[in-house]
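Next come two complexes, and both contain chain A; in the first it sits with chain B, in the second with chain C.
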Partner chain A sequence: MNLLSLSYLVFVPVVWVLSRLIRSTRGRQILWLAASYFFYATWSLKFLAVLLVSSVVNYALGNYLRRKPTAGRLWVGVGFNILLLGTFKYLPVWSTQLGPGHLPGFLENLILPVGVSFWTFEALSYLFDVYREEELDPSLTEFCLYLAFWPTVLSGPVCRLPELLPQFRNAEPVWDDITEGVRRIILGLFMKTVLSQMLGAGLRPGEGVDFGFNQIAHGWTGADVLILALGFGFQMYFDFAGYSNIVIGTARLFGIRLRENFRDPFLSTSPAEFWTRWHMSLSFWIRDYVFLPLATWKPQVWWRHFALIIAMMLFGFWHGPDSTYIIWGALQGLFLVAHRQYQQLERRTNTKIPAGLASIAGWAVTFCFMLLSWVVFRANDLHQAATMFKALVHFSGYHHFVLSRNFVAMTIVIAVAYFMVAGLRRLADNLKQVPAMSRVGWALSPLMYSAAMLSIVIMSIHKAVFVYLQF
Partner chain B sequence: MPTSEAEIETKRGDTRSSPQGQTRVRAVSWIVLCRRAYVPVFSLLLTILLGNWLAAVARRNIELKAEERSQREAVARGAGLSAADLAVAQAVFTPADDSSARASLLYLGDSQVFSRPDAPSGSLNTAQWLQILLARQDGQAARVHIGATPGMDIPEMLLRTAASIEPPSSQHEIVIIDLALAELRDLGVRSEIQSLVEEQGVSDALRNLVAANPDLADAAKTLTPLLNKTAAGPDGRVVQKSMADRMEDELQARAQGWPLFAQRENLMALGLLRYAQLEHRLLHISSADLIPTPAVPYHTNLQVLELLMRYARSRGIHLILFFGPVRDLKPNPDAPADLARMRLDVSRLCQRYGVTCLDYSHAVPEAYWANYAANQRGAFAMMAGQHDFYHFIEAGHKLLAEKLFADAGPEILRWSNAAGGSQ
Partner chain C sequence: MTEAIKEMTDYIARELVRRPGVEITSETPLVSSGLIDSFALVEIFVKLEKLTNRRIPAAKIQPKDMDTVCLMFATAERIGKPRQ
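Let's look at the complex of A and B:
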């Protein structure tokens, strides 16, 4: 069952009604856990078995660590999770690369349990928090629910137990939670089934980002590469932010507030800001549990920069063991270091660039860099990425497209519309202070919701899958 | 307007304190309830109403299309056509189940094969004329069946061919391809053609074909994802659906009861058409604008064509390929260099695999080409009043069929005799 299926539309209300009928906290937690395991088991019973083992072992490791929080005990827990992730996520990829016969048969047949990277990082954050002696006393049911909670089990957001535990114990949805939850679900479905789908698969056969990267094996012009980078950046955003909206909305229906995962990332004016707006739950996880402990290890500036690059490479590696992801991570790290160096230079030389100009220039540089780095992320291999970058520096190729004119126009329209909507939203937020405008917005909202729902129903003809499910 | 829980509670608290306030509490509660219900109720209502209206629009469009199709397929009593001619011409559009014919011929191509934009209803297309000419020569020789679809590309031709040759269909012995440059520009396969490979025999045959021809890597890259979408797994084993999948299928089937849900595909098609019309108007696109032929789809299509030729040879299928007529006007959507390159590349392939290759690029004179009517409606409304560079009138179809019959007729008759003899 995935979040775009009709089964999910039936599953959520059924669990909601049942959880309203159960008054006791423990009863409700057991219901949610059962629902989560049922939801996960619809993907595969084998996946559920891995999740169960991970939950029980991590819970035991947490108790073991709580009794005596030493670095050695922490490393046992970290080692277990790395082993789990390595076995199920990285080994199958390496096994494919090695070819048949290099690994024992049972290892060659391993498949990636969906969401393993997300819930393993959640388990790790629990162990780190226990090591830091945070006040955490989850029951086994609560801990299992934390890892398996069905809205987040497939692709996050990567949650932290200190945020969820009090909510598992006291969540009581009010009307605002329900309206906000439904609004987020509709918004998420629209972003995924309409916008991301249009960019990813195009409107007609032979169009779309996937076609551009997978079917056109060579022969892109510089203009094509720019459009593909733009298209993929927005496809990823609408896909993952749409997914996050559905997840956050679903949890909200049950009175649970999950942390945000995206906050207008393409409006960022620096790479540092970008990473506080894009896949926030993972970037904050990396910051808190990898970068900060590493950076504070040695006082030298070069070490902090090195730690930043290592942390971002790990960010890339988290997506998979492909060289494209690791290089993408390294590029992000280098860009962050370059930005820090620039800030230091600015301070040292006491240069003052007008704030407006600095924002525009910062936005332009960040936006362009992020888009181009998506080429490395999305390319099927490094050779493809190199070919695409070579096309970028062949200026003679900019006067025509291999991609269809329709797809080019659609990508540009969607990108421009994104910025227009972001601007209009800011305007609307200001206008909300005026009661009359607020009433007009409220009165017109059924029109917007029905338009969104109609587009979702029509576009649901395509069997869409979330890009991030593969991670 | 109190919408948040806290605001409402504050208001209730204020009014509840006075005895007269009890009635006011009830009134405020009703107002709050109505205000809360307004957005969800009206959103749902609008969605249902607009959805039903859209579904009705889509249905009307389908009815119009069906009407056009029946007009296209209807055979009128033209000059010099006997009842027998009309009967065989009509049968070209129906599935080839005529066991009286010795051989069966699949006619592939895009809309050029059957479209006669300014011809009256009931006039005949190339495939029908070819059928008449063959039947006149030998009534039992070959049964022609149209497998052409508007906008067909080469992967679609391969899938269509395999679906008609492999079990359970096992129909055709001869395949004719009307090749146009436009067919080498795209690489998509539409769902209706994709569904043809859901038969186990067809998907197995195509999987084996791809595996046996690793040198055609780009073709494999295009076909493999299509084959992996079928009910059978990548290794050919039929994948058992899980309980969750079966539940989802059941829900999807039930959802078809809502007209909007049932008409999604038609609405998508209609939406795309309107979008294309808008695009043409905004970008001032005309039928004579040059259409580029991107290198990669072109080369991949060529590889798929080569795969089709190898497939035909391995199955003992006789293949005839001809370059479809090109309108000799300038400006023209097909660049002369692209056309020349296509003729050269495809001729080489035909030579290599012993495929009959005919060139009818200049077979249809200017007088027989069609133009879009000034009041053109339907799919080509955005081309109203412009030259049609791909379709010709019935006289053009007849002329082309006569040329095809003169050049390939003897071969077709010989093959059908051989097929009859071997039966």
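Let's look at the complex of A and C:
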């Protein structure tokens, strides 16, 4: 069962009604856990078995660590989770790259449990928090629910137990939760099934980002590469931010507030700001549990830069063991370091650039870098990425497209519309104080949601798959 | 301690805050408000160890423990060990 299926549309209301009928906290937790395990088991019983083992072992490791929070005990827990992730996520890929016969047969045939990277990072954050002597006392049911909670189990957001535990104990949805939850779900469905789908698959066969990257064999012009980078950046954003909206909205129906995962990342005016707006739950996880402990290990400035590059490479590696992800991470780290150097130079030389100009220039540099770095992330291999970058510096190729004109126009329209909507939203926020304007917003909402629902229904004939499920 | 808190507050306002011109006090939320980035957090950590003359185990610290200058010093007091 996935979040776009009709069965999910039945599953959520049934669990919601049942949880309204059960008054005791423990009873509700058991219901949610059973619902989560049922949801996960619809993917595969084997996946559920791995999740169960991870939950029980991590719970036991947490208790062992709580009795004596030493670094040695923490490393036992970290080691277990790295082993689990390595075995199920990385080993099968390496085994394929090595070719048959290099590993025992059962290791070559392992299947990647969907969401394993997300819930393993949640388990790790629990162990780190116990080591930091946070006051956490989950029961086994609560801990298992934390890892398996069905809205987040497939693709996050990567949650933290200190935020969820009080909510598992006291969540009581009010009317605002329901309306906000439904609004987020509709918005998420629109982003995912309409916008991301249009960019990914195009409107006709032979169009779309996927076709552009997979089918055009080394024939890209510089203009094609720019459009593909733009298209893929927005496809990823609408796909994953849309998914996150559906997840956050579903949890909100039950009175649970999850952490946000995206906050208008393409409006960022620096790379440091971008990483506080894009896949925030993972970005903050890396900051809190990898970068800060590593960067403060040695006092030298070069070490901090090195730690940042390592942390961002880990961010890339989290997506998979492919060299494209690791190089993408290293590029992000280098860009962050370069931005830091620029900031320090600005302070040292006491350079005063007008705030408006600095914001525009910062936005343009950040946006262009992020889009171009998506080429490395999305390319099927490094050779393809290199070919596409070569096309970028062939200036004679900018006067024509290999991509279909429909797709080029659609990508530009969607990108421009994104910035227009972001601008209008800011304007609307400023105008909210004016009562007449808030009435206009109230009157327009049903029209906008009806249009969104209609386009969701029309586009749902295409089979949509979440890009982030593969991680 | 008051001197050290003042020195840290001035250092953050002068060297680390993203938005120039923002008034920083010892109670201003820094991490949760987005006024400082991860790099600045590390620089604050190093400065905190110097000002308090304590070794602070980084793995035991969360960004929320460093959200205001007052919280930083309380955290250093709580989990830092005096340097020999």
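Descriptive notes on the structure:
Simple rule for what comes next: the second predicted complex is superposed on the first by the 471 of 471 C-alpha atoms of A that agree within 3 Å, B and C clash if a C-alpha of one lies under 4 Å from a C-alpha of the other, contacts with A are read in each partner's own complex, and residues count from 1 in each chain.
As a convention for this text, a residue touches a chain if its C-beta (ideal position, glycine included) is under 8 Å from a C-beta of that chain, and two chains touch if they have at least 3 such contacts.
Everything quoted here is computed from the prediction, not taken from an experiment.
Here chain B and chain C are compared by how many residues of chain A each touches, and B touches more. Shared-chain residue A:287: touches chain C; no touch with chain B. In the superposition on chain A, contact of A:272 is made with chain C only, not with chain B.
In the superposition on chain A, A:131 contacts chain C only, with no contact to chain B.
Look at A:149: by the touch rule set out above, it reaches neither chain B nor chain C. By the document's definition of touching, of the two partners only chain C reaches A:347; chain B does not. In the superposition on chain A, A:409 contacts chain B only, with no contact to chain C.
Of the two partner chains, chain C is the only one that A:297 touches; chain B does not reach it. Every residue of chain A that touches chain C in the complex is listed here, in rising order: 71, 74, 128, 131-133, 272-273, 276, 287-288, 291-293, 295-297, 299, 304, 308, 336, 340, 347. If you check the complex, the residues on chain A that touch chain B are 1, 5-7, 10, 42-43, 174-176, 179, 182, 203-207, 211, 214-219, 400-403, 405-406, 409, 435, 438-439, 442, 445-447, 449-450, 453-454, 457-461.
Partner chain A is touched in their complex by these residues of chain B: 1, 3-5, 36, 38-40, 42-47, 50-51, 54, 153, 185-190, 218, 221-222, 242-244, 247-248, 251-252, 255, 260-261, 264-265, 267-268, 271-272, 275-276, 279, 283, 292, 294-297, 300. Within the complex, the chain C residues that touch chain A are 15, 18, 34, 37-39, 41-43, 45-46, 58-63.
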